[in-house]
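Two complexes follow with chain A in common, the first pairing it with chain B and the second with chain C.
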Partner chain A sequence: MSVPFAAKRLGKELNKISSSLPPGIELVSADNFEEWLLDIKVLDNNPLYQNQTYRLKFRFSPSYPIEPPEVVFIQLPDRPIPIHPHIYSNGIICLDLLGQQGWSPVQNVESVCMSLQSMLTGNSKNERPPGDEEFVRANTMRPKDIQFYYHDNDV
Partner chain B sequence: MDTDDDFMSNVSSEDDILPDDSENDMSGDEDFGFDDEPDAHIDSQKDDGYKKKAAYDISFKVYQPSDVQKQQDELINEVNMILDISKEEAAILLRHFRWNKERLIEDYMDKPSQVLDAAGLATTSAGPPRMQVVPGFVCDICCEDEPGLQTFALKCGHRYCVDCYRHYLSQKIRGEGEAARIQCPSEGCNVIIDARSLDILVTPELTARYHELLHRTYVEDKETLKWCPAPDCENAIECAVKKKDLDKVVPTVSCLCGHRFCFGCILNDHQPAPCELVKKWLKKCADDSETANWISANTKECPKCNSTIEKNGGCNHMTCRKCKHEFCWMCMGLWSEHGTSWYNCNRFEEKSGTEARDAQAKSRVSLERYLHYYNRYANHEQSARLDKDIYHKTEKKMVQLQKESGMSWIEVQYLNSASQALQTCRQTLMWTYAFAFYLARNNLTEIFEDNQKDLEMAVEALSEMFEKPIAELADSKLKVEIMDKTSYCNKRRVILLDDTAQNLAEGRWTFNTELLGSGANGGPSTRR
Partner chain C sequence: MPPPPNTPDEGLTEVAYRAPEDDELFRVPSPHPSIAMAEASPNGSCVIKLDYQAIEYVDPVDETLLCPVCKTPFHSPITTPCGHTFCAACINRALETQPTCPIDRQPISRTLDYRRLPLIVKDQLDRLKVKCPNKGCDHQCPREHLEGHYERRCEFSLVRCPDSGCNQLIARRDASPAKGCLHVEVVCEYCDTKTTFAELDGHHNFECDGVLIECPDCRRDVVRHALVEHRTQECLEGQAQCKWHKAGCKVADRRRVVQEHEQSGECSFEVVGRLIEKQAEDRKIINELSERLARVETSQARRRERRMTQLLGRGSFPPMASSSRGVSTSNIPDATLNNNRSLSLDSVDDGATGGSPEDYMLAQFERLETQLELLRKQSLDMDARQSHLILQHATHFSEQLAEIGNKVGIVNMHMSWLMSLQRQQRAGSAAGSSSNAAMSQGSGGSSVRPASSDDSGLQYAGNNRRHSEGRGESLHRL
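Presenting the complex of A and B:
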């Protein structure tokens, strides 16, 4: 292989999303094939997320998309961490499709953003995951090294 | 080290002094039956003339890699014949049913297509697996659309380029250690990659790893089988003790390689403490390591002259080099008082009354209580480690002793036995303190503490003799004493373990914590 596996695929993805992305998803930066930033918005009027924009950070390993990307919400003055029973207050997301078991290499950056959008849209609980405080205080691991027990995958 | 075999034969030779307890004896049936009966319980086994064992002994069998392979092959062949399906399919079905042949055959006879479906052997066949060039093909993984691209699809028809397939498989096999349940890369498709398709796709090197992992799943899938955790050991152990039995028994097994471990939790032998207590204790020790650090430190000051003393042997009897003060390493008390009242050093007197009423005092008492047990636990752990060093020095000692006394190699073996007894007994003692920490007082705890005290005294005495200089060891009187003390230590250990195991099996201990772990609940947890 001359071109690294991830670069080939990410190049194609970038081509596509630079020209068009579904509503509520915006590319912020993609300067290399290691880390991309995207903004997402919830389109309906779910009061929990209305008028808010959230920043997502994607990190890709050289064997993306065979391996899932690492996806977290990051906090900025105008970019809070969305309240959700599967999103920890440090931005770590507990979602099975981002884990090795639930990930399929057919997924891509766009489909992940859309899944997160719909995960927010469908939520009505104004709460963090159980044990959030403790987890956020104690966690020093990369998201990919955390073994989540997916509470219930339909939230 | 072949220490355990020797030690175990020592133990067996003491069997005649034990109370007859055939009731709890799982007799080692030759064909273990692989029963998946949920209630095949420990005491339902018949006594078929096997030697009576102590209450803490459990039956188990050691299998070498070829045995494990043979068992799998036999099951695959049987299913292959009975159900008239290929060996690849039989293997996938057996793995899907976690090697429960009976249930597989029953279910398959009942509703074959559902069984095949659930196991990922979907019947909508698109012909046998092969690589193919498909005109106009675009790979959904790498987005490659180059003409002439080699592609591959499983029975489900989800087609990807061979390069992507290879990456995917190598990630699953090498990166995630998966083999038996690798699914089609398509999202939500549960078709499973079979060995034949895999052989077409990947390099021989990866195929070897794949088959090795497949081989491992056989053991991992069966509750009655576990790998020996010793590094480089490839044996598997079969034992009928199940998870739900772990509040009644501490299933220590020993592999042919000499490693002794707990079949319940894979940690090193931790009798007499039940697995759940061990788990809680280790977690507690890790959490409290800061408070505990000072205790496990290797140096202490002499209580009389304050000179720093480093503990360099396993014995608790310390003599200050400077002032000759003799004291106990554990409690720093006078050693002379320990001869008759070692008692003060193994039992923590529960504080009561006025002090405990005050919440602050209470938490101090509870910390003190913990430190009391931790101190003794850590002391034996450390001594066991030091005794291990001594064991390595023992060989040297044995050579020297041969020269000085004219004894033969066989005649100096008693030092070896003593060193082994020291290690095993310290290991047991160490866990008696974790056990005691969670033990609520009842009419049995005193007997336990007496047993603990007896073993501890015997071990300290042996440890002290063992550390004597060569010149003294050459005295044949000391040799007899050491041999006697070694056998006495082993005997005391058997008595302690037997008593605790019997009471555990009969549910007579009360603990201030639960003995069966609660299952996985929500929230993140650290992997491995």
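Presenting the complex of A and C:
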């Protein structure tokens, strides 16, 4: 009877997502209310991301949507990690929307995907974040525990 | 049992404390059944609080009525100072982690009083049609009634086991002291799963696979208990008769064929069938009406009888009254069909045996009638007075209008006189300049001016005449 808050909300979202999703976003799997996989594409012809599909992994805590989901890109043979000054090569995304401060319970899976789409669309720099290699080598923390410093308001 | 720190409940109690008059608004079902259980009274009320976020709605709900946090229709909604609306529970949870509005990120502190939602929105929410969340119960009602149904009436709501030694819950319909504790472990006869006796039914209907049986007609799996019902009412391959068979339709085939036959409208007995149905309904109504008529007649007869006895000598014939009552019951042999009405009639009659309530009613009625007559007269009077007033005003206005017309005529006349004067002056000065200065100015001026003034005097008279004509005209027009 006492279904966790997150499951109820995710159930609603899943209903909506299964019936309709914005162009360029596809649900790959949502077998439980802990981890979902989605594919996103950049729709305009930005040469950096043209004809590419990226795989996103959402992990939800039981207190979603009060707490943000953990969202990372994951690498597969046909699913690279997009090159972006805010995306580390291990798939970790530095986006204030996904942090404790920038998150709002009004956001949902669909809106996060759309934000990431537009983050990619608006980018023209073919580079990784500064200190990428070192970060990737040293990082053992979960994305939500990393204290990002959101400095760049342009992208 | 106080909630552990940093749970949403803590925030809720805080708000409820700050707005004590709003306890209805801020009352939120406890997410912990254990807490609810501790509070539950032993008198068979439901122990698990209704979870508003898990309710299924019959019709799709307008998106504007959905809480942006939980995406379900608002439950005890409140509005933040920045004008956004959330479920009380949702906004309080959200504020636990971040003290800003989830929509526009404006700072909100929980110490502030939230604004109430307009009642019209509350009404809209209350009217949403919902389904009872209990498995097996197909009750549907407006949302405001669901809590009452769920907590007090629904036969499937879980209540405490009647056995005081047992700590488990059981559906209300099975919770009778006569049945005792049903939490005895049993093994499902179809799938060998262990379950309790209390849950066996639910297990059979919703979980057990072994309980399924293949319908011999349509080859589909059906719950074993429901097989008979399925075969007689649903199974598309089972034998069925046309629903108009009473009207004489001979069609009897597999249900699929029969349904097609019924829906295509090709059944020529449908018209007759409907006619028969209608007739049966009419017959029922006629019977009811005639019964009612008979009852009214008998009661009237009794009343007349009673009045007679009263006239003859008040209360001098007590056996009469009792005998009349005996007659009444024998005159209404079928009191079961319209039990309520006959009962109320009887009670009224019994009350009226003294005669005074009846007389009182009559007197009242007459009084009301005279009052009505008086009111009617008064309203007629008012009507007449009003029309008279309007007439008076109208004549007054027309007089004033005529006067205004007159004045306009006068102004008109003055205007034309001035215009002609100006024209003459201009003509005179032009003539003077062309004929040169042969004439001395002084004599010329003195000879011309009087003439012109005479002229104008004449013209004035003429205009005056014209003006009077104009007035006549305007009056006429009025």
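Please note the rule applied: the second predicted complex is superposed on the first by the 154 of 155 C-alpha atoms of A that agree within 3 Å, B and C clash if a C-alpha of one lies under 4 Å from a C-alpha of the other, contacts with A are read in each partner's own complex, and residues count from 1 in each chain.
Here is the rule we go by: contacts are C-beta pairs under 8 Å (C-beta built on N, C-alpha and C of every residue); 3 or more make two chains touch, one makes a residue touch a chain.
Nothing here was measured: the structure is a model prediction, and the numbers come from that model.
**Student:** Kindly classify A:Val106 by the partners it touches after superposition: chain B alone (first), chain C alone (second), both, or neither?
**Tutor:** Touch status of A:Val106: both partners.
**Student:** Looking at A:Glu67 after the superposition, I want to know if it touches chain B, chain C, both of them or none. Which is it: first, second, both, neither?
**Tutor:** Once the two structures are laid over each other on A, A:Glu67 reaches both partners.
**Student:** With both complexes overlaid on chain A, does A:Pro130 touch chain B (first), chain C (second), both or neither?
**Tutor:** first
**Student:** Output check: A:Lys12 vs chain B and chain C. Expected answer is one of first, second, both, neither. What do you get?
**Tutor:** In the superposition, A:Lys12 touches chain B and chain C alike.
**Student:** Output check: A:Cys94 vs chain B and chain C. Expected answer is one of first, second, both, neither. What do you get?
**Tutor:** Touch status of A:Cys94: first partner only.
**Student:** Which chain, chain B or chain C, is in touch with more residues of chain A?
**Tutor:** B
**Student:** Counting contacts the way the document defines them, which residues of chain A are shared by the two interfaces, the one with chain B and the one with chain C?
**Tutor:** 1, 5, 8-9, 12-13, 63, 65-67, 100, 104-106
**Student:** Chain A touches which residues of chain C in the complex?
**Tutor:** Residue positions touching the partner: 31-33, 48, 51, 53-54, 68-72, 90, 93-94, 96-98, 100, 102-103, 105.
**Student:** Along chain A, where are the residues that touch chain C in the complex?
**Tutor:** Those residues of chain A that touch chain C are 1-3, 5, 8-9, 12-13, 63, 65-67, 100-101, 103-106, 108.
**Student:** Which residues of chain B touch chain A in the complex?
**Tutor:** Chain B residues touching chain A: 140-144, 163-164, 167-168, 171, 175-176, 185-188, 520-527.
**Student:** Provide the residue numbers of chain A that touch chain B in the complex, in ascending order.
**Tutor:** 1, 5, 8-9, 12-13, 63, 65-67, 94, 100, 104-107, 129-131, 135, 139, 141, 145-149, 151
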